[in-house]
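Here subunit A shows up in two complexes: once beside subunit B, once beside subunit C.
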Partner chain A sequence: MPIVTALYLLYLAAPIALLAIGSVGQSWTNSLLPSGLTAGWYGQLWADASFRRAFTVSLTVCAATCAVTALIGVPLAYAIYGASRRGVRAAARVLFLLPVAAPPLVLGFGFILVFSSDSLPFLGSGWLLVAGHVVSTLPYLMQTLVSDMRHLDLVTLETAAESLGAGFRQRLVGIVIPSLRQSLSSGLIMVAALSIGEFQMSNLIAGFLSRPYPVVLLQAFYGATGFACAGTMLLLLLAVLSALASASAGRGLPSSKGTPS
Partner chain B sequence: MSGSPILRLLLAVPGLALLILFFLLPLGAVAWQALAGDAIQRVFAQGDLLAALGNSLLLGLEAGLASVVLGVAVALHLARLPPGRRALLQVVIALPLTFSGLIVAYGFILLLGRAGFATLLLAELGADPAAIAAFLYDRPGLVLAYSYFLTPRVILTLLPVFANFDHRQTEAAESMGASRLRALIDILAPQVAPTVLASFALVTAVAFGAYGTALALVGTQINILPLRLYSLIADAGADFPLAAALSVLLLAVCSFLMAVAEIAAARSEADHHVRT
Partner chain C sequence: MSVVVDSLAFRYPAAGAGLDGVSLDVVPGEFCAVIGPSGCGKSTLLKLIAGFLSPAAGQIRIAGTDMTGVPTRLRNLGIVFQNYALFPHMTALENVAYPLKLRGVGRAERLRRAGQALERTRLSGLADRHPRQLSGGQQQRVALARALVFAPGALLLDEPLSALDAAHRAAMRDEIRAVQREHGIATLHVTHDQEEALSIADKVAVMRDGALLQLASPQELYDRPADRFVAGFVGHANLFDGTVRGPDLVETAIGPLACATGGQPAGTSVTLLARPEAVRTDPPDDAVNRFAGTLVRDRFLGSLRRYDLAVPGGTILGETLSRADIRSVQIPPECLRILPA
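Entry: the complex of A and B
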């Protein structure tokens, strides 16, 4: 059995290692590995105006997405957690399943149909892109928050505070928000990672000047290998950083993140 | 219970409004487009679209099966590791979950493309590079690339179940003369089957509905449903009712698979409650 895990880790590492090697290799055509060492591809990436703009767009959309999901997600998660009716619980289960049950491709097409009409001509605007990222990442945050609320048994904590005379606002600021600090930060980092890497929906609904990084990156795949590797490495580094941050922020959380099960 | 029902409703309003406006409304528009005309009949009259549906189902099932087999094998091993090492490996294994499909696609082009690392290595041993590249740029290659981000989902779902499994049960069976394999099949398998089925349905649905990795790997050269839909949408002035019909087909298959996953997951939870 250990050999299966070892082979699996090799399978995970091989593409990443090749991307890393390719991004610092001078030239790589029809050879096993590239020849020459250079930082030039990263320099070119930095100098490329369209990549820089796309990167700025991605960071802006990501920040806005995190802010909106947090502002909307925490109250919604609290409402779902507090509801005792079976119907609400079932609806919440469905909400958690949505990102897989409704593929981003289909949702993006729906955006095109609704928001390119004469009455709602918003397709291509930055805020619509944010809205798309929010609805596709919200379920992941909700799942993390709701399962953490159940795990912490928030009701008991709140009932105790209430019996001591704490009002709703006091409980919210004194108990709910501080208790959720861990799951909220780890969930939001997850949201950030998904937003930065999102391609399938953005590719359909982003305007030409508000194309996020992954959409612009696809064009680079048809050019020089080193440049494409450097561009991909940037995305990879952001994903790895956020995954590690999420793992350390969420230490001790009950659920495994990113698995809508 | 904390807060009154009215307060709870007020808290949920922004989220619900957002989901209605940016989720239900777009999907409703798609369904409306698809059902208004005869687009759905046209899909079933078009042989190449039916072939795309068939290819997509095969791709989904193959990728699902590959990642479940691989995931079960790795999770079985991880479950027996000491908690510290297991937690470390878990973080490493979870990494691909947040990778954009593009990263995976370009990584595999470097590995198995026409001038890829493994391709040239195998060519030294006498394999035909063109054949290897043909493998990558067709369904087997997609299965390999999809499994890259599907297997972590399987492993992370199964790991808690395998880790909580009471190994004294199989040890007892073995002490009474059952072979190791026999014990696993008769005792472990029935207990974990619902969870395995749930994760199989989940990853099959993901593979069936995805197009990013495939687009980056093969362009629109391969006849699968999401890529056909993508070309229809990207081609301005195209047949939107037909695109809507394909969307409804995608939605139906993915929702069905997720329903299977839900029922299986609910069963495993019920089993768990009976046992504890």
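Entry: the complex of A and C
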């Protein structure tokens, strides 16, 4: 068992290690490892305006996606959790399955069809990109939230709070949201990682000036290997950073406890 | 402050089960247990009093005020839930302080009062722990402290001991009673455990199929049950169906039994109740209501021995301290009680 685990981890880490090595290697052609050491590729990346812009776009889209999914996801998950009607539950199941049933490519084509018309000419705008990311990541956040609500038995917690004298707003701020901090932050990590790495749909619906990082990165692979490696390493960094940021944002929610005055 | 329930009725739309005109009252300081088999309506009664459900008819008065239709949060009731329902993101102290915060009590004052409440339930050392770091019994005590800290009008306990193991249950039972006495608060305790109800309550309400069958002290309930169901539900019982044959004689499946029939006319169908501890072992041969038989079950329970003696026409359940062999028993006529069949 330990051998299998070790092999698996090696398999997982090897490409990342090779990318890291490649990103600081001077030249890498037809050899197992690159030769020479340089930070030049990162310098070139930084100097490239389209990469810099894409970096900012990705972070902005990711932050906006996290904010919108949290704002929509919490009340929606709460409604689904509290719903006793069979129709609502069935709709929720469909929603949860949406990313599996409708791949980003399908969603992307749909967006092109709808938003390239004269009446809805929004294709290529940054907000449409955010909307696309929200559609494809929301189910993941919802699933995490709803299962946590079930696990916590939120209804009983709310009933208890109500019996102690809490009104709806007091329950929402003092009990519901603080109880969901853990699942909200872990759900947002997933949303952030998915948004940062999203390529298929973004490639279809992003405008020239609103291209996120993965879309621009593709072009790097037509150039020098070192440049492509440095670009990919940056994407990895971007994913880790946004995951950390969204996690801390989730934890930073009001922790309204019994003590603060 | 008292809890008065007057002709309360409720129907679950789908199941059809519910509550049919239940009336009971719990005076300040009184501990009332509600027992009955599952589906009897005891939890529905608690939910109606708490305000989680709205009655179809009837009235709920808490401390003399009509609370029917008033939202739960305004009823000023302390409720302890089956699974405690402690807020996982708050410490024990914060949980207890929460109802005071909702009532606008200042931070220093509410922490002082919450600390006192925890002290009363012997938990002051664990004030900074989160619920997940507490044992079931400790969580129970936090829930009790939280339900009492704001001096509610009444205390409702919804099977609060069912999640504890047997050893802790008995200790917690005494503790709940002690804290309840200390607060002098009217308490309604819903439980399926009749032993728990008898040992803790001042009076016990027995329910079945949405109706209140009997409301009486534990002793009265045991000694003078209202009907066959109550007799069988509360404690162990020998129940013999029979027909009155004479002024002091009832014909049953195990034979004629001499007992006071209370002037019931001959031919009336009745049920006779004899508690197992009243059954005497190895009586003299000429004793009345003497039955010889064979021992079919013999359970040694430490402080007593419970046995089934098979006699022609049925079985007699008895309890004794004797460890000798049992071949015959007597049901003393004065220990037989007539119930409506």
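By definition in this document, the second predicted complex is superposed on the first by the 237 of 261 C-alpha atoms of A that agree within 3 Å, B and C clash if a C-alpha of one lies under 4 Å from a C-alpha of the other, contacts with A are read in each partner's own complex, and residues count from 1 in each chain.
The rule we apply is simple: a residue touches a chain if its C-beta (ideal position, glycine included) is under 8 Å from a C-beta of that chain, and two chains touch if they have at least 3 such contacts.
Being a predicted model, the structure only gives us computed values, none of them experimental.
Participant: In the overlaid three-chain picture, which partner chain does A:24 touch, first (subunit B) or second (subunit C), both, or neither?
Facilitator: In the superposed model, A:24 contacts neither subunit B nor subunit C.
Participant: Per the contact definition in the header, classify A:159: touching subunit B only (first), subunit C only (second), both, or neither.
Facilitator: both
Participant: When the two structures are overlaid on chain A, which partner does A:216 contact: first (subunit B), second (subunit C), both, or neither?
Facilitator: Touch partners of A:216: none, neither subunit B nor subunit C.
Participant: Which partner chains sit in contact with A:57 here, subunit B, subunit C, both or neither? Use first/second/both/neither.
Facilitator: Touch partners of A:57: none, neither subunit B nor subunit C.
Participant: Considering only touches as defined above, state whether A:178 meets subunit B (first), subunit C (second), both or neither.
Facilitator: second
Participant: Between subunit B and subunit C, whom does A:132 touch in the aligned arrangement: first, second, both, or neither?
Facilitator: A:132: touches subunit B, not subunit C.
Participant: I'd like to know which partner A:141 touches here: subunit B for first, subunit C for second, both or neither.
Facilitator: neither
Participant: Residues of subunit A touched: more by subunit B or subunit C?
Facilitator: B
Participant: Going by the contact rule set out at the top, does A:167 touch subunit B (first), subunit C (second), both, or neither?
Facilitator: Touch partner of A:167: subunit C, not subunit B.
Participant: From the superposed pair, tell me which subunit A residues show up as contacts to subunit B and also as contacts to subunit C.
Facilitator: Looking at subunit A, the two contact sets intersect at 159, 162, 257-261.
Participant: Under the touch definition given earlier, write down the residues of subunit C that touch subunit A in their complex.
Facilitator: 50, 52, 71-79, 81, 83, 85-91, 93-103, 106-107, 110-111, 114, 146-147, 150
Participant: Given the complex with subunit A, which residues does subunit B contribute to the contact?
Facilitator: Against subunit A, the touching part of subunit B is residues 1-3, 5, 7-9, 11-12, 14-16, 18-19, 21-23, 25-30, 33, 70, 73-74, 76-78, 80, 89-111, 115, 117-118, 120-121, 148, 151, 153, 156-157, 159-160, 198-199, 202, 205-206, 209-212, 215-216, 226, 229-230, 233-234, 240, 243-244, 247, 250-251, 254-255, 258, 261-262, 265.
Participant: In their shared complex, at which residues does subunit A touch subunit B?
Facilitator: It is residues 1-2, 4-5, 8-9, 11-12, 14-16, 18-19, 22, 29-33, 71-73, 75-76, 78-80, 82-84, 93, 95, 97-98, 100-114, 131-132, 134-135, 138, 154-155, 158-159, 162, 168, 171, 190, 193-194, 196-200, 203-204, 214, 217-218, 221, 225, 228-229, 232, 235-236, 239-240, 242-244, 247, 256-261 of subunit A that touch subunit B.
Participant: Given the complex with subunit C, which residues does subunit A contribute to the contact?
Facilitator: Touching subunit C from subunit A are residues 152-153, 156-157, 159-167, 170, 174-175, 178-179, 181, 255, 257-261.
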